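Letters are used for the chains, namely A, B, C, D and E, taken in the order the chains are written, and counting of residues starts over at 1 for each.
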Amino acid sequence: MRELHQRLKSLFPLGELTEQRPDLGFVTVPAEYLRPLLLQLSDREGFTHLVLLTAVDWIEDGQFQLTYLLSNRGAARDLGVRVMIPRPANGLATMDGIHDIWPTAATYQRELREMFGIDFPGSPRVDEEFILEGWIDKPPYRRDFDTKKFSEENFNHRPGRETRDPEQYMKQQLYPDGK
Amino acid sequence: MKPELMKRMVKGPDGQEFEVEPLRDYYCEAAPTVMPAAYIKIVEDFFNWARSESIWILGFGTGCGAIEMRPLMTPRFDAYRYGVQWRPTPRQSNLFIISGYLSVKTLKRAIRSYEQMQSPKYVIGLGSCTINGGMYWDSYNTIKRLDDYLPVDLYIAGCMPRPEALLAGFMDMKKIIRAGNAEGANKYAENFDWYKANQKQVIHDWDMPDYNW
Amino acid sequence: MVSAIFILAAALAAAFLLGLLKDEQRGVAYAITLLALAFMTWISADWTWAFAMDGAASVDIFTAGTEPPFAINLRVGLAEAVLTLIISLTALLSALAMKDALLALGRRAMAVLLVATLAFCGIVLTRDIFNLFVFFELAAISTGGLILLSDDERALAAGFKYLIVSQVISILLLIGIIFAYHATGTLNIDGMADAAQSILPGSRQAFMLAFFLMFMALVAELKPFPANGWALDIYESAHPAYSAIFSAAGGAAALYAVDKLLLVGGTAWLPAATGIGVVTFVGANLLALPQTNDRRLLGYSSVAQIGLILTVLGQRDVLGDLTGFVALGLLLAHSVAKAGLYWLSSLVAGRELSAWAALRGHPLMIFAFATFLCLLVGLPPFPGFYAKWELARVLAAEGRIALLALILFGALIEATYLFRWFGYTIKRDKPAEDIACASGNVIAICVAAVTGWVLGYLWGDAANVMLGRGNLLLALPLLFALAFLLLEWLPAWTKNMLAIAGLVGYFALTWGDYDPLRLIFFVIFLIGGAVILLASFHAHGRRVGFYPAAMLMYAGMTMLIEATDTFGFFAAWEILTVGSYFLILRGKHSEPHALSYLVFSLGGAFLILAGFALAASGAPLGVSPRLTFALSELAQVAQPLAPWVFLLLAIGFMTKTAAIGLHIWLPGAHAEAETDVSPMVSGILLKAGLFGLFILLMSMGKQQLYGIELTYVMLWIGAITALLGNLMAIFQEDAKRLLAYSSIGQMGYALFGLALMNHLGWLMALMFVINHYIYKSMLFLSVGGVAKRTGTRAMYQMGGLIALMPLSFIAVLIGIIAMSGVPPLSGFGGRWIFYNAILESEYRLPMVVIFLSGPIAFLYLFRLIHTIFLGQLKDEHRKLKEAPFWIVLPQMIYVVLLLAFAVVPGIALRRVDEYMNQFFPTGGLNWSGLNISSPYGYWDPIAIMIIVGCIFMTLFLWLLFVNRKAQKVKQFNIVFAAERPYRPETTHFAWNFFAPYRKALGFLVQPFVTQFWGAITDTLHTGADIARRFYTGNGQTYAIHLLGFVVAVYLFARGI
Amino acid sequence: MIAQIAMATGFALILIGLYGALTNHNLLRMIVAFTIADTGVNIVIVAVGYMAGRTAPILDAAVPAAEAAQRIIDPVPQALVLTAIVIGLGITALMLAYAYKLYQKKRTLDIGKLTELKW
Amino acid sequence: MKIPYALLTLFIVVNFGFLQNALIQKIAARVGRRYGIPVWQNYIDLIKNYGQRSSITHGVMFYLGPVFRLSGGVGLLLFVPSIYGSEMFSNFSFAGDLILALYFVFFGTLGMALGAAESGHPHSAIGITRGLSQVTAAELPFALAVFSVALQYQTLSVTDIVAAQQGSILNWTVFTNPLAVAAAMLGFLGSMMRPPFDVVLAPQEIPIGPPTEYHSSYLALMQTNRAIFPVAKMVIYMSLFFGGATSWPVFFLKVFCIYLWSAFVGVVFPRFRVEQSIRWFLIWAVPIGVLSIVLM
C-alpha cells in the first residue's frame, strides 16, 4: 500500500495515506487530478472495480468530501480516493462524473444528486428522481436539513407518544426495585 | 410527473391528430361507492362467516415486518389451517397487511394496491411504525399514522411482532369480520375525500387517478 | 397476286429513288421509304394470306428466266411469306419508330434501311447458296451502316466488332460454298441437297467439311453462345428500333437460312443444330440473369430465343410436320415480342432495368409490356405456349428427356429475369423523367401487341384445326377475363359488379356438369371468389390492372375444372398462375415475393408439363404419341413410366400447395398482397394445387419408385409441412405472414389426408378445402381490414382493438375456433374425420409429426387474436374505426357459413362421400339422421352445438346475474405488483410471444430451405456474373471466340 | 499443279490474313489483314474452278460457243469471285469508314481500347 | 330425461372435486409437515368469492373467459360417460366420441386464454404463452397414447373401449398396452398444473399467470372448474387406461389414485422452465408413445 502510494505520489499531488487496515487505505487528491488518478488506478494498478461512491457533508468547512472506493481484486486491496469540493450554501455543488469509466457510477451520482445536491453534469438520468418521489425540500442528507422539523411539519402525529432513554427504561422495566 | 403520463398529441394512422391524456384515457375515473351488505341479514352473516374463514392476504411486504409473515407458511405456524392464504394479486386478496414502516413512496403503492382489492377488504397495521411511527418517528420520509391514509381494522403492536402475535391478530380479525364490523372499504368510500386529502398532503407528486380501480 | 420479287424490287427501286432526291427533301424521302416498306409488307401479307387461307402451293421465281442451276431462283411458300411479312413489317414499324433518327440522317440512312430490309427478305427468299452469301454480306454492310444511326457513341466500336466477325464469317462461308459447289456442281440449295445424296464416298469427306464451314458460318449469324459477344454489343448500343429489326428480322432470316442449309446437310447435322441451339438457349439465359442493362438483356434473350428455335429445327427428325408449327410459333412470338420490347426501350430514358418504372402510369404500355413478356415466356394463349406444349409432348414421346429438361430449365431462367424486370417496372421508384411518347413508336408498339394477340388466336386456331386442341382464346372464361382489359376505363365498383355477376352467372350456367368433387372446387372457385370480391367494393377509383388479373386467375381456375384433357388442364394452370402473379404483384412491397411465386409456380408448371408429356408417351392405348390425352387416362400410364409421371406431377402440384421445401414463396406472396387479394390467393388459389393432387391421385393411385411408395413419401411431406408450417407461423410478428405460414401448415394437413389414400382421408382433405377456404379468407380479410386501419401488419404494434373493431374481432374469434378444431365449430369435423382416417391407414409414424403440429396451431391462433384485439390499446389507435363495410360484409357471411357448416356438414360432404365410393368402396361415413358415424366413432354436430350452447348460456347468464354491478374499468387498471404501467407499448406483451418455444424447438425453423434456394440462385447469379466476363469487349477476342467455337463444334461433331 | 499451288497460296493467304487480323491491335492493320484474307479466299475460289489445260470462260473467236463446254474452265467460280471482290471492297470500305470515325471520336486505333461495351 | 341425470353427475363430481382437491392439498401439506387446509376450505373460498361485494370488468371477453372455462369443464365431463354400464350416468356421450372429448379440452383453455388476455395484463399473457407452449408438448404423448389405444380396440367410442377392458383386471389397458399408458401418464403430469410443470401460474414471478386479474365471482367460476375439469380429464384416463368405473365408489377411487400420481410427482420435484418441460416431454414421453404406436 505504501509503495503504491509512493508510486502514485510521483505522478499526482496526493495527500497523505491513511491506512485503515493493511488492505484498505485512503488518499486525498485535488479535484482536477481525480480523473487521471482514477484512470491510472483502474488501467495500470488493477483497481478495476468501483465499490462505492459516497459523500460527506463538511458543513463547517463549506466542503463536500467525495469518496471513491476502489478495489483491486487480484491483490485484495481497497483504496479510497477522497476529493474535497466546495459546498455552496444553497443550490448545487458540481463535480465531474466518472460514469464513463465505471457505468455503475451513474447510479451513485444520481443518488448524490438527490440526497446531497451534488450535480454531475452529463451523467445519465442524473436529474431524474432516484429514491424520493416528489421531494420538495432541500436535499435531505445535507446536514442543514432538519429532518425532525420536516417530519413534524409534514406528517400527522399520533398524540401520546412518549420518548424515553432506552437504557434507563429497560433498566426500570427489568429491575423495578432499582438495583 | 413522468413524461409518459403527460398529455400528448398523437397522430393516428389515418393522419387524424388528437390528444391523449393518460390519466383520463387510460384509467377509470369513477369514485368508489359504498357497497351495501346483502339484502338479507342471514345471508350477510353467512358471507361474513365465509369471509372470516377464508382470509386471503395480499403478498406485499411493505417494510421489515414482511419477514415476520413468512414463517406463518411454514410447518411451525402453518396459517393455512386457519383458512389464511397468501395471494400474489390484489384482485383476489381480502386482507392487506402493512408490514412495518411505510415510506411515502411505498405509501403510494400501498394505496394503489389497497384500492385494487375488491371489497370487502381489510387492513392490518403490523408493528409500531404503522401506529405512531415507531423508531422512524422523526424520519423525513415515513408516515406515522396509517389510519390517516387507509382504513385500518386492526393494529398488531410490537417492533416487530412475532408470528404468534400475527396469528392472534388473525383470530381477532376473524372476530371482527364475523361481527360484521370490518367495513373498512365502505368507510374508505364514505370518507373518500378525507382520506384523499391526507394522502395528497404527504404525496406531493400525486400522479395517479384518485381511485385506482 | 403481285410477284414476290417485287418485295426485293420495291426496296431496291425506292433506295435508288432516294438517291435521286435532294438532301433537303427529307420528308419526301421518308414518305418514299415508308411507302416502299408498306408495299413490301402488303405483298408479303398478300402472299401469306394466299398460302394460309387459300392453301396455295409455293411458287418459284426464276430471276434470269431459266431454271436453276443456271440461274438464281427465289421461292415463296407459306414460311417465306410469313417471314418476309415479319421482316418488312418490323422494318416498317421500326421506320416509324425511328422517324427522328431517319429524318436527322437523311436519305442515305433510309436507303440503307431499305437495303437491310431487302437483304433480310432476300436471305429468306433465295434458294441459291451464293446468293445467300451475297444477301448476308448486304445485310452485314447495311447493318454496319444502320448501327451508325444510334446516338450512342459506343455503337461505333460495336459496329466495327461486327464487321470483323462478319469478315471471318464471310471467309468461312465463301470457302464452304466453293468447295460445296466443287463437290456438287451446283449452287442451288435444292440442287445441292439432291446432289449431296449421290456424292461418291471419296469426296464425301470434303463435301462434309465444306458443308460444315457453310453451316458454321450461317450458325454464326445466329449468334450462338458463346461466340456472340459482338451481337450483344450491337443490341446494347444500336438504335433500339434497329435492334428490333436486327433481332426480329435478322434472327428470322438467319434462322431460315440455316433451315434451308440443313436441307443440304441432311439429318446427320440435326444433332449439331440441336446441341448448339440448346447450349445457346441455356447459356444465354443464364448470362442474362445478372444483366442490368435493358437492351443488353434483350440481346441475351434474343440470342437465347434464336437458340431455342434452332433446337426446334434440330429436332425436325422427331417433330416432323409439327416443326413449322412449333418453330414458327416460337419465332413469331420472339420477333413480335422482341421488336416490341426494343421499341418500348426507346421510350424509356434510363438504361437500368428499374428505369422502366417510367412506364407506370401508362397502362397501355404496361399492357404491351406484359403481352410481350408473356409472348416470350410462352404463356397461354400465345403461340409460344402451343409450341412449348407440342415440343414437350414430342420430345417426351421420343425419350429425349434430357433435352426437354434443359429447355425447360432455360425457359424457367428466362421467365425469371423477364418477370423480375416486370416487377421492377411495376414496383420500383418512378424515375424523374417520364417516357418519351413518340407517336411512331407508340403505333409500332401497339401494332406489335395486337399482333401478339392475333398470333395467339391464329395459333390456337391452328392447334384446333391440326391437333384438335381447343383454341384458348375462344374459351369463354378467358374471354371474359380479357374483356376486362377493354373495360379498364370503368370505375372499380362497376367492374366489380360485372366480375361478381360473371362468376355467379357462369356458375349458374354450368354447375350441373360436374361430379360432386369437382363441384365443390367449382363452388369455392366461383362462388367463393364472388364472396371475396365483395370486399373489393371498398376500393375507390378505377383500380387499373386489378380486374383483368383477378379474372384471369378465376378464368384459369374455371378452365382447370372444365379441363378434360392434359392440354386444357395445363393451359388453365398456366393462365391461373399468370393471373395470380399479376394479382400478387399489386401489393405494396410484393415485388420479390411475386417473383419467387412466379418462378416456383412456373417451375412447378414445367414439371407438370413434363409429367403430362411423359404420360402421353407412356399410354398404352392408340398411337404413341397421341395428340390428346384425357386426364382420366393418366390411370392407364404403364410401368415404368407411371411413377415418374406421378413424381413430376405431384411435385408440380405440391409447388402450388407450398409443401415444405417448395414453400418459401408463399409467406411473402400472401402477406404482401393487397387486402382483398390475400384471401383470394390463400383461400382459393391454393386449392388449385389440391385439385391437381386430387385429379392425380384419383387417376394414378399409389405408385412405387425403387420400392418406395410415393404416396407414403407424400404422407411424410404433408406431415412435416403441417408441423413446420405451424411452427414457423408461431414465430411471425407480421399478422399476414402468420396466416400465410398457417396456410402452409393447413395445406400440409390436406396433403396428408390425400396421401392417406383412403376414403376418410380424402374426405378430410375435402373438408379442409372447404374449411380452409372459409376461415382463411375470413381471417385474411379481417386482418387485412385491421392492417388497413392501423397502417401496420406488425402485431405487436396493435393491441386492444376489440372495442373499436368488434366485428373484425368476432370474425377472427370464430375463425380461430373453427381453425383450431375446437368443437362445436366446423374445424372439429375436419379433425374428427382426420382421426378416423388415420385409424384406417396402415402408416403410423407420420402421425406422430402431425399430432404435434395440431396443438401448435393453437399457439399462433391465440397469438393472432391476442396481440391484435386483446391486450393494450395504443395511443395512436384510440380513434380507429371498424374496418370498411365491404371488408366486414364477406367476413360476416363467412361467420354464418362456418356456423351453418358446423351444424350441417352433410350439405357438402354427403354427396362427395357417396361419390368417393367409386374410388374407395369401403370406409365411408354413415349418415343416419343427424348422427354421423364411421367404423370407429360417431359424431352428432347438432347435439354438440345444442349442449355446448346450453351450458355456455346458462353459465353466462349466471355470471351476468352475479356480476351485475361490475365496474367497467380501462386498460391501465391492472394490478402490477404495486407498480403500474406507463405506456401501452411497454405493457402489451406481444413481441417474440413464444420465446420459450423458440428456445426449445427453434432449431426446427432454421431457414434451411430458404438458404438452399438462396444458395442455388446465388450460385447461378455469381456463376453467370463470372462467366460473362468472358465477353471482354475486344473485337478480336470475339473473332477468336468464333473460330474457337467452330473448332469446338468440329471436334464435337467428329467425336459424335 | 497450278491449281494446287494457287490453292495452297490461297489458304496460306487466308491464314496469314486471319493471323494478322487476330493479332494486330491497330484497326488499319486489321483491315489490311482482312483484305489479304479476302484475296486468299478469292484465289481459293478461282483455284477450285480451275481445270488444267482449259482457257478462260470468254466466248469469243478463240472459243466458239459450241466447244465451250470442253474448252473453257467453269465460269461460275469466276463469276463468284467477281461478286466476292465487289462485296469485299464494300466491306473494306465500310470498315475504313468506321476506323476513320472511330479515330475521330476516340483518337485511337487500338482495338483493345474499344471495349466500353462488354459483359 | 338426460338432463336431470347429467345435473346429478355434475353435482356429484363438483363435490367430489372440491373434496379431492382439498385432500390432495392436505397430502401435499403433510409431506411438508404441515396440517394444511381443512377439507372444506375450498367450499368456504368459493362462498367467500361469491360473497365479494365488488367486481370489475375489462370487457366482454373478460366476462366470457370464465364462462368458456367452466363450459369447457362441464362439457368435457358430460361428453364422456362417467359410469360404465349405467344409462343414467352416460351423460351426453351420444353426441360424440373420444375425439370430441379430446378437442373439447381446448374449448375452455382457449376461452380462458382469451378472457385473461383481454384484461390487458402482461403477466396474464405471459402465463398463457407458457401454458399454451407447454400444453402442445404435453398433449403429444397423450394423443399418441389415445391413438394407440384406439388402434388397439379399433374404436373411438369411450364406451366400447371401457367395455373391452371389463372382465378382469388384466384386461385393463395398463396391462395390455403398458407403453401407451406410460406415455399418457407422463403427459398427464404436464396437464395438471402441478410441479414440475406449474410454471404457467408461477406465483410470485408473474403473479399468478392467466388469472391475475380475475377475482370475485369470476374466480368462483374458475374454482368450480378446477374441481370439475381435472376430474373430467381423469375420467378419460380412467376409461381409456384403467378399466373405467362401474360404480361411483370405484369411480372415486380410481380418479383419486390417478390424481395422486401427479400430486406425488408434484411434491417432490421443483419447477421446470417451459422450454425444459417441452424438451422433457419430447425426449422422455414422446418416444414411449411412438413406441406404443409402432408396436401396436
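Keep in mind that, in the parts below, contacts are C-beta pairs under 8 Å (C-beta built on N, C-alpha and C of every residue); 3 or more make two chains touch, one makes a residue touch a chain.
In this text the structure is predicted, and so the values were computed from the model without any measurement.
Using the contact threshold fixed earlier, the set of chains in contact with both chain A and chain E is B. The remaining chains, considered with chain B omitted and nothing else moved, group by touching as follows: A | C, D, E.
Note on connectivity: the fewest chain-to-chain touch steps from chain C to chain D number 1.
Using CA-based centroids throughout, the chain positioned farthest away from chain A is D. Across the two candidate interfaces, B-E and B-C, the one carrying more C-beta contacts is B-E. Taking the mean of each chain's C-alpha atoms, the chain whose centre lies closest to the overall C-alpha mean is C. Separating the CA-averaged centres of chain B and chain C is a span of 70 Å. Remark: chain D and chain E have CA centroids separated by 99 Å (rounded to whole angstrom). In whole angstrom, the spacing between the mean C-alpha positions of chain C and chain E is 53. Note: centroid distance chain A to chain B, computed from Cα atoms, is 36 Å. Within chain E, residues 54-56, 207, 212-213, 216 each touch two or more of the remaining chains. Among the residues of chain C, those touching two or more other chains are numbered 967-969, 971-973, 975.
The set of chain D residues that touch two or more partner chains is empty. The list of touching chain pairs reads A-B, B-C, B-E, C-D, C-E.
Partner chain E is touched in their complex by these residues of chain B: 35-38, 46-47, 50-51, 53-54, 56, 59, 74-75, 78, 80-81, 83, 85, 87-89, 91-92, 94, 118-120, 185, 213. Contact residues on chain B toward chain A in their complex (touch as defined above): 104-105, 108, 131-133, 137-145, 148, 198, 201-206. By the touch criterion given at the top, residues 2, 4-5, 8, 10-14, 16, 18, 20, 22, 25-28, 30, 60, 89-91, 109-110, 112-113, 116, 208, 212-213 of chain B touch chain C in their complex.
On chain C, the positions that touch chain B within their shared complex are 789-792, 875-880, 967-973, 975, 978-984. Looking at the complex, you find that chain E touches chain C at residues 50, 54-61, 63-64, 66-68, 70-71, 74-75, 78-79, 92, 94-100, 103-104, 106-107, 109-110, 113-114, 117-122, 125-126, 128-130, 132-133, 135-137, 139-140, 143-144, 147, 150-151, 154-157, 207, 212-213, 216-218, 220-221, 273-276, 278-279, 282, 286, 289-290, 293-294, 296.
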